[in-house]
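In the two assemblies presented below, chain A is common to both, partnered first by chain B and then by chain C.
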Partner chain A sequence: MLDLSSMSEHMPAFIDGFIITAEVSIISILGSFLIGLVFALMRVSDNHIFRTISYWYVDLFRNIPFIVLIFFAYYGLPEVGVYIDAFWTGCLTLSVAVGAYAAETIRAGILNVDKGIIEAAKSFGFSKLKIYRKIILPIALTTSVRPLGSVFINLILTTSILSAITLGELTGASKIIASTTFRPFEVYVFLVFFYGILTFALSGVIAIWHRHLNKYNEAN
Partner chain B sequence: MYGEQGFTAYDFVLWAEGLGVSVGIFLASSVFGLAIGILIGLTRYYKVPVLGKLLMMISEFLKNSPVLVQLFLVYFGIPALLEIDITPIQAAIITLTGNTAAFGAVIVISSVEAIDTKQLEAARSFAMDEWLILKKIIYPQSVAIAIPLVVGLAINQLQVTSLISVIGVVDLTRVGDIVNQRTFEPFIVWPIIGGTYFILAKLLGLLGARLEKKFSAYRYQAGI
Partner chain C sequence: MIEIDKLCKNFGDLEVLKGIDLTIRPGEVMSILGGSGSGKSTLLRCINGLEEITSGKIIVDGLDVSRKSELREVRKKCSMVFQQFDLYPHLTVSENITLAPISVLDLEKSEAEKKAEELLESVGLTDRSHYYPAQLSGGQKQRVGICRALAMSPDYLLLDEVTSSLDPEMTAEVLDILKKLAGQGITMISVTHEIEFAREISDRIVFLDDGKILNDLPTSEFFDENGGLSDPRIAKFLSKMSGR
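And then the complex of A and B:
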């Protein structure tokens, strides 16, 4: 019954979809990391207003479904005169939405940095900027590689929702293949395995990277 | 009705219906999903041959692929393969149950493994049978550990229910889509829909905090 051969002739369309998924993922991972970093720094700053804004940003975007956000952006942005296509709407919304998760993760990493190290840096007369840039952030990011990795793997899985706003990424492309071959079961089973193997491979890479970055910590 | 602008009182009824569908499917899939998750966790814990490994492998794939694709697989794929009819609501409940079970199993396993093994050895040396150990020692402690994790999972799964709108279930998100298409008021419609999910998540969080307090009460009694 299971016949995967019909998939093979549609491989080019599938690969096209994969390229769009990869592009959206890479742009959004960079975007959400930057946004997350900014809001994490705001959350640990001394400024009360910054802290409040960051708190609400994280709370709001972690508790509203992504599909609601993407519909809001897709139908709302043209209303305010922002005309961007589904691809960039997807990148923008993913960056802002996943940024909230990244901010939480980076904040946890910052709070985990040993206070003694910061005290030592202060006593050497380092400026605040230098302490953050040279000491706090490198250490915080070293420990948050793994949780950040799972946030970004989740981001890759979330790109599938962009098919709902007509983007022809992996899931959108597979939908078309499924309806032309009349073999939806094979197509979607293949897709489930494809995403599964992709995320396994990525978490493997993240685990190796984590070990590499933390090799000096093991000695302690 | 098509092309009519502006909101009507009927939109409120639609919102309430969508809310009911979302909450109903959330509750059904959470209850079934957690029950199956506990079973999967126990097959793993008692090292049931073949079944334990197989279920863990399936749940790995459920955790590592988009729920949207799983929905398509169940709603479009399974009827085509088995030549049966599945309604969108059935497909939604089956998929979300499977997904909740996969994540629930992880919680069950980690909360059972968090229990001090010395307690189990002590109980076994008193010749307590496995069922009694499960009921009196493993259950009360692992539930206390699991509650905050289950609440986190529930808040996450509540958001995941919004995906069922894509296969045509008229849930809260689909209602938003329908009203948005008619009124062209995205700045009113989507904040209301998003706000509803936000409030539901906050309510779940409050409920979770109360449950957590209740189930961890034994710790305070024992002075731990």
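And then the complex of A and C:
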């Protein structure tokens, strides 16, 4: 029988886990967006070295299982004297790994910008930086924002793997609660609910951002 | 003054411009005519540095277009209007017009906006300043394109087939504006298929054929039986264009 009331005394533990998951998610979303932006710009730049670095970065991190990456960072790096706690290992690896997907998504948006519009901007003597800031990126993001949303929702779901490096995030906390209460069904119902709060909140933010960026298209 | 000296432009193995020599004096209204693929748009785009020159030289008021350090100054002097309008879709009409004056010429925002208003008024679009390009008709978009170019107070206005994407009614509304401009002393270089328009506004017609200047004459002479029309290639072109 489903007995959710049995979970009430474990609420604080759920909420602690939820807060850690939310923190890791927010930091990693911002981190992966910034990293993705930088590598997307490198990938479309005229500089051969930047393009090559970006190409290898994306290819490398899309081809490593995430759990291998966090094991490497959390258990491997201390061997060579690099110690980072579980929380920041999680944030950094997520940012770097998801940054590769974000880079590809943003790059697709940049390549989608009408060449004529970029030429028009060039013809008026804008600096390259200003063309990117004022013209290319705002237009590119209008098409990239939805797929970026999917990438970031995936990021939230991937935080569950961080329980494997002892981080007491939602999934980790739930596993402990399940093993002490012997009520895995109720525990995982709550777990689904808590992840739902985060992913729905993110979907909402993405929808608002999308509407804001696309107001010129919807103005018709 | 724009001085073009032995200009060549290749796209890979394809030679598009094969040694163009041309001088355009301040205040002149010049039309460049020629068939498809004759190189007329490429010539215009070279003046603004949108195409890299293969060999030869373009000097605009003493500034060398091929030098990166001087190109930006050239672009401040030469504003361009495009066939496909190429307005910034994410910015309002007013922002489209003020962006370059604010970002490139460092004009105060209020000053740029005032100028944009004046320009929009002159093309009959005062009530559209807060619209987005997607909400405008083709003719309106091109009128905004012209305002965007004029907001830079350019010495030279480069017009690249500005009516080719418009239906006849909208073409007329855009050409009317350009006719008014032509009388105001701005140097205009227009690549066009509108023969009558070219004839009406231009002081001078340059006819390109296969990447070379076939004829460079004052307008009245160009359309004279003993002038430009005596060349069978030009006569054929004109009869084809007016027979459309």
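Everything below uses one rule, namely that the second predicted complex is superposed on the first by the 209 of 220 C-alpha atoms of A that agree within 3 Å, B and C clash if a C-alpha of one lies under 4 Å from a C-alpha of the other, contacts with A are read in each partner's own complex, and residues count from 1 in each chain.
What we mean here is this: contacts are C-beta pairs under 8 Å (C-beta built on N, C-alpha and C of every residue); 3 or more make two chains touch, one makes a residue touch a chain.
Computed from a predicted model, the values in this text were never measured in an experiment.
A.B. asks: Once the structures are superposed on A, label A:204 by its partner contacts, choosing first (chain B), second (chain C), both or neither.
C.D. replies: Neither partner.
A.B. asks: Identify the partner contact of A:121: answer first if only chain B is touched, second if only chain C is, both if each is, neither if none is.
C.D. replies: second
A.B. asks: Between chain B and chain C, pick out the one touching the greater number of residues of chain A.
C.D. replies: Greater contact footprint in residues on chain A: B.
A.B. asks: Could you tell me if A:182 is touching chain B, chain C, both of them or neither one (first, second, both, neither)?
C.D. replies: first
A.B. asks: Let me test your reading of the model: by the given contact rule, A:130 touches which partner, first (chain B), second (chain C), both or neither?
C.D. replies: second
A.B. asks: Output check: A:139 vs chain B and chain C. Expected answer is one of first, second, both, neither. What do you get?
C.D. replies: The second partner, chain C, only.
A.B. asks: Across the complex, what residues on chain B touch chain A?
C.D. replies: Residues 60-61, 64-66, 68-70, 72-73, 76-78, 80-81, 155, 159-163, 165-166, 173, 176-177, 180, 184, 186-187, 190-191, 193-194, 197-198, 201-202 of chain B touch chain A in their complex.
A.B. asks: Which residues of chain A touch chain B once you look at their complex with the stated criterion?
C.D. replies: Touch list, chain A to chain B: 1-2, 60, 63-69, 71-72, 75-76, 79, 153, 157-158, 160-161, 163-164, 171, 174-175, 178, 182-189, 191-193, 195-196, 199-200.
A.B. asks: Given the complex with chain A, which residues does chain C contribute to the contact?
C.D. replies: 48-50, 71-73, 75-76, 78-80, 82, 84, 86-91, 99-100, 103-104, 131-135, 148, 152
A.B. asks: What part of chain A is in contact with chain C in the complex they form?
C.D. replies: Residues 114, 116-117, 119-127, 130, 134-135, 138-139, 142, 213, 215-217, 219-220.
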